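Shared between the two complexes below is chain A, which has chain B as its partner in the first and chain C in the second.
Coming up: the complex of A and B.
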């Protein structure tokens, strides 16, 4: 009886707050990576790891519509801070920020065509051609 | 060096300054050490804080460099740190060993002074990604500390010099100079005129003023003492003159004798008395007291023993050889230790008067011979003499004129007196110097023949006397009378040893002569004429 009530409450809450969906980190289905830890995700997106755990060169993608939400969920920083972070590294030349993509579709296209690419999108928009490795709850 | 010591010894200001400088110097050194210590500590802390600040500044960059193992960025960061003077060497080392950068000089990891900070991941604050180590430039810090110490030391030295200078100036201005001025004024002061010392202006109410007041009080006392002294001196001079006048003009001889018996002082009267030259300086040529007053040595001792026991003594001496002798009474009293004062009077007149009175007391006024009192004395003297010299015998002769009462009755007492004088004179004419004749009373005479122990000597004398009596005596009235005499003789030393007994025996012998028919003499005959 209690479980039924809890399920009802969750269903109600999910109906009430549709905008608060999670961010899903996705990779190519053939990348050989089943899932990533949060730390792995930080290292990949903040430039520390150049390769995925599977060995493919990592190609992180910044998806413009979700960028702010993503970084807030991943490292709890706003975009200005993220930009400042990368700005420091401009002159060293060794590291570069993730490739910027404008839309989810563009991201989906790159991910599906590149085994090392890593992107993100709203978890509700995940399609079967993308493999979710980590859900970042907001 | 000795000159400096001399200066320190003679200059109050210098001495005060030296002592204060010494104290301040010692304190200063102590403070300096403390100050340097604390300054060094504070410099050290400052540098620590600066290092901390530097690290804070670069921490974010270090986080990123370490996070990304970005050697380029890390080197950039290290060089940035090294551009500070205080940083000697920098090491950035990631925990996984991927990044290891050493910049600057050699870094001695064993040193305590090393400044190390754990650098966390910029995204995961709990994850340490690398270690940033800074080696502070000790030489630079030491130089900073030294500079600070030099500054503090210099400041203290300057302060010391300033204090010394101020002390010199203050002491000279407020202590030394007033005292010096005071000293000069005091030297020029004529205190005996009652002049007072003036306190320097501005010092009237302080210790120097008190000093001046004390000096003035002392001057007052001094002047009073001087006045009193002067009065006393005047009084003493008057006394002295008075005494001198008495000393010079009195008729009493005054003199002083020292312990050796030398007369050192004598007034004119004394000189006259002892016939000393008036001009003689007795201090240079003293006169021996004993020789002067006692040439025969009767006293036999110095005047000191004469007044032994501290009491004065008085005695009389006869002076000179000429007759009549002069008599002087001397009184000696102790004046002070080793000095005696003497007074000498000429007592000749008194002595003569006394002698005359004495003579009168033992003289029969009618005949000028001795009287009973004189006889008694003489007999006593003879008795003593006999006791001392029992071998010498003396004759005691009693004479009683026969029927003398009839002359008195017939011709008057005047005639009787004349007869007594005449026969007394006759009798005296027969005697030797040492014999003694006295009238005991009435017509009774007594003779003491000293040293005459033989009867024939006595008989010769008596024979001559009786023979003389045969010559009639002319009275004033022209009448002539003859008178007989009955004589009794006793020999002291032959008949008896006692003078009074001898007198008694002579008396009996005389009555024996009367019984034998008068105008004859009898010797004491033991058991006979009694």
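Coming up: the complex of A and C.
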């Protein structure tokens, strides 16, 4: 009986909740990077250590339409907290945040032309010209 | 004339359009203008002494309301020459040692990053002596209205003119960071109503080792400051007017305070995971005075609930020496507050400090013989970045 109720609940939730895909972190197909660990991704996007496993310097890109979802999934922080984190590093002259891009197309353009670029997008929007190195589930 | 007006107008429009952009001084823009600021109001119930944010402030917040101690504005210009070289210039206007809000050049350096594991900077740099000390005026970056006075209020310097080098080395998923720096600096601190100490620090050097493991960030650091300290004020004049053979006011005060050589040790731990942030630090400064020490400790925790982050903190400072005197400090502070993130670039804060001052030393501004007691300080802050 309990199981039936659970199943009903899950079915109901899946009807009510919009289908949420995951966030895919992507690089250039010729970057020589097969995958990144979560801590690699944190190091690159939070500016702790911006080097790819291939040895190339990493150029992280913040993609405006997915930025809030990305940081929620990566470090469980909202955009105010991310801004607060960067305010400390920017105004002590220690570091700079990722390059900000306005659209997925802009991100795609930079990633496909730069072997060090690292971007992200909704996993349903990944195209063959991008190589997925990590999926962040939401 | 017409041309100058056009250039002026053009510049103004350019600055306005830069300022109108949201906060993202990132790698892509060659020239970036950004900034930070705080509008702060402090209410103190202490009628004997004025509450200070730090010892560079000649006056503080007296009984009632005051906007003097925390209000500030900073602007920063960054110019990226190429991915390896960039320049940063920053100015801050706040109430400080000049007794007004005269802007001060707080950063002006050239940076070279040949590799993600190495960074070199030369010029005017923030004094990175404790965790967070080089961003202590950036209110938007921390939960409190101001960094705890018991630790950050007694810092003698704000910047150094010199150079630093940072090395990073990953160890598995952990990260080790070593920073070394050296330079010179000067500053003025107000010890008492009748005594000013001007630091001409010709050698400031030190470094720290950070270890980052998941949400943990641990730091151990050591710094030395060698200064020629120039003491002035009515107290010195008074001692000198005695005209006793062998009695020199400045030398007398230096033997009491021992600021000419400072050695600062610090251990810090930061835990930052999702909505929870905890910070702990212990610091010990040794002065030239007879076995003189300045000890302090801080524990602070905040937890975000949606846009609201309530926080608590407890801190303590104590100075000691084999020759105690009335410049000694012994103080505990209990802090309760909340930060409200109205937008992703504006935060409102309300904070209540209950301060148990057993010996005020030079942490409060007073011209009476106040020997300490309990004070309640209520603060409101509006922090923004652009």
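Quick notes on this structure:
Here is the rule we go by: the second predicted complex is superposed on the first by the 118 of 138 C-alpha atoms of A that agree within 3 Å, B and C clash if a C-alpha of one lies under 4 Å from a C-alpha of the other, contacts with A are read in each partner's own complex, and residues count from 1 in each chain.
Convention: a residue touches a chain if its C-beta (ideal position, glycine included) is under 8 Å from a C-beta of that chain, and two chains touch if they have at least 3 such contacts.
Source: prediction; values computed, not measured.
On the shared subunit chain A, the superposed partners chain B and chain C overlap sterically. By the touch criterion defined above, A:75 reaches both chain B and chain C. Shared-chain residue A:88: touches chain B and chain C both.
Of the two partner chains placed by superposition, chain B and chain C are both touched by A:48. More chain A residues lie in contact with C than with the other chain of the pair chain B and chain C. In the superposed model, A:39 lies in contact with both chain B and chain C. Legend: residue contacts after superposition of the two complexes on their common chain; A:96 is shown touching chain C, with no touch to chain B. Comparing the listed stretches 201-209, 237-245 or 345-353 of chain C against chain B after superposition, the clashing one is 201-209. Looking at chain A, you'll find residues 39, 48, 75, 77, 85, 88-89, 91-94 touch chain B in one structure and chain C in the other. The touching residues of chain A, counted against chain B in their complex, run 39, 42, 46-48, 75, 77, 85, 88-89, 91-95. Chain contact summary for the complex, chain C toward chain A: residues 23-28, 34, 36, 74, 76, 78, 83, 88, 90, 107, 109, 111, 115-117, 121, 125-126, 128, 132, 134-135, 137-138, 140-142, 168, 170, 173, 175, 212, 214, 273-275, 304, 307, 341, 343-345, 347, 385. By the touch criterion given at the top, residues 37, 39, 43, 48-51, 57-59, 62, 75-81, 83-94, 96-100 of chain A touch chain C in their complex. Touching chain A in their complex are the following residues of chain B: 61, 64, 67-70, 72-73, 76, 122-124.
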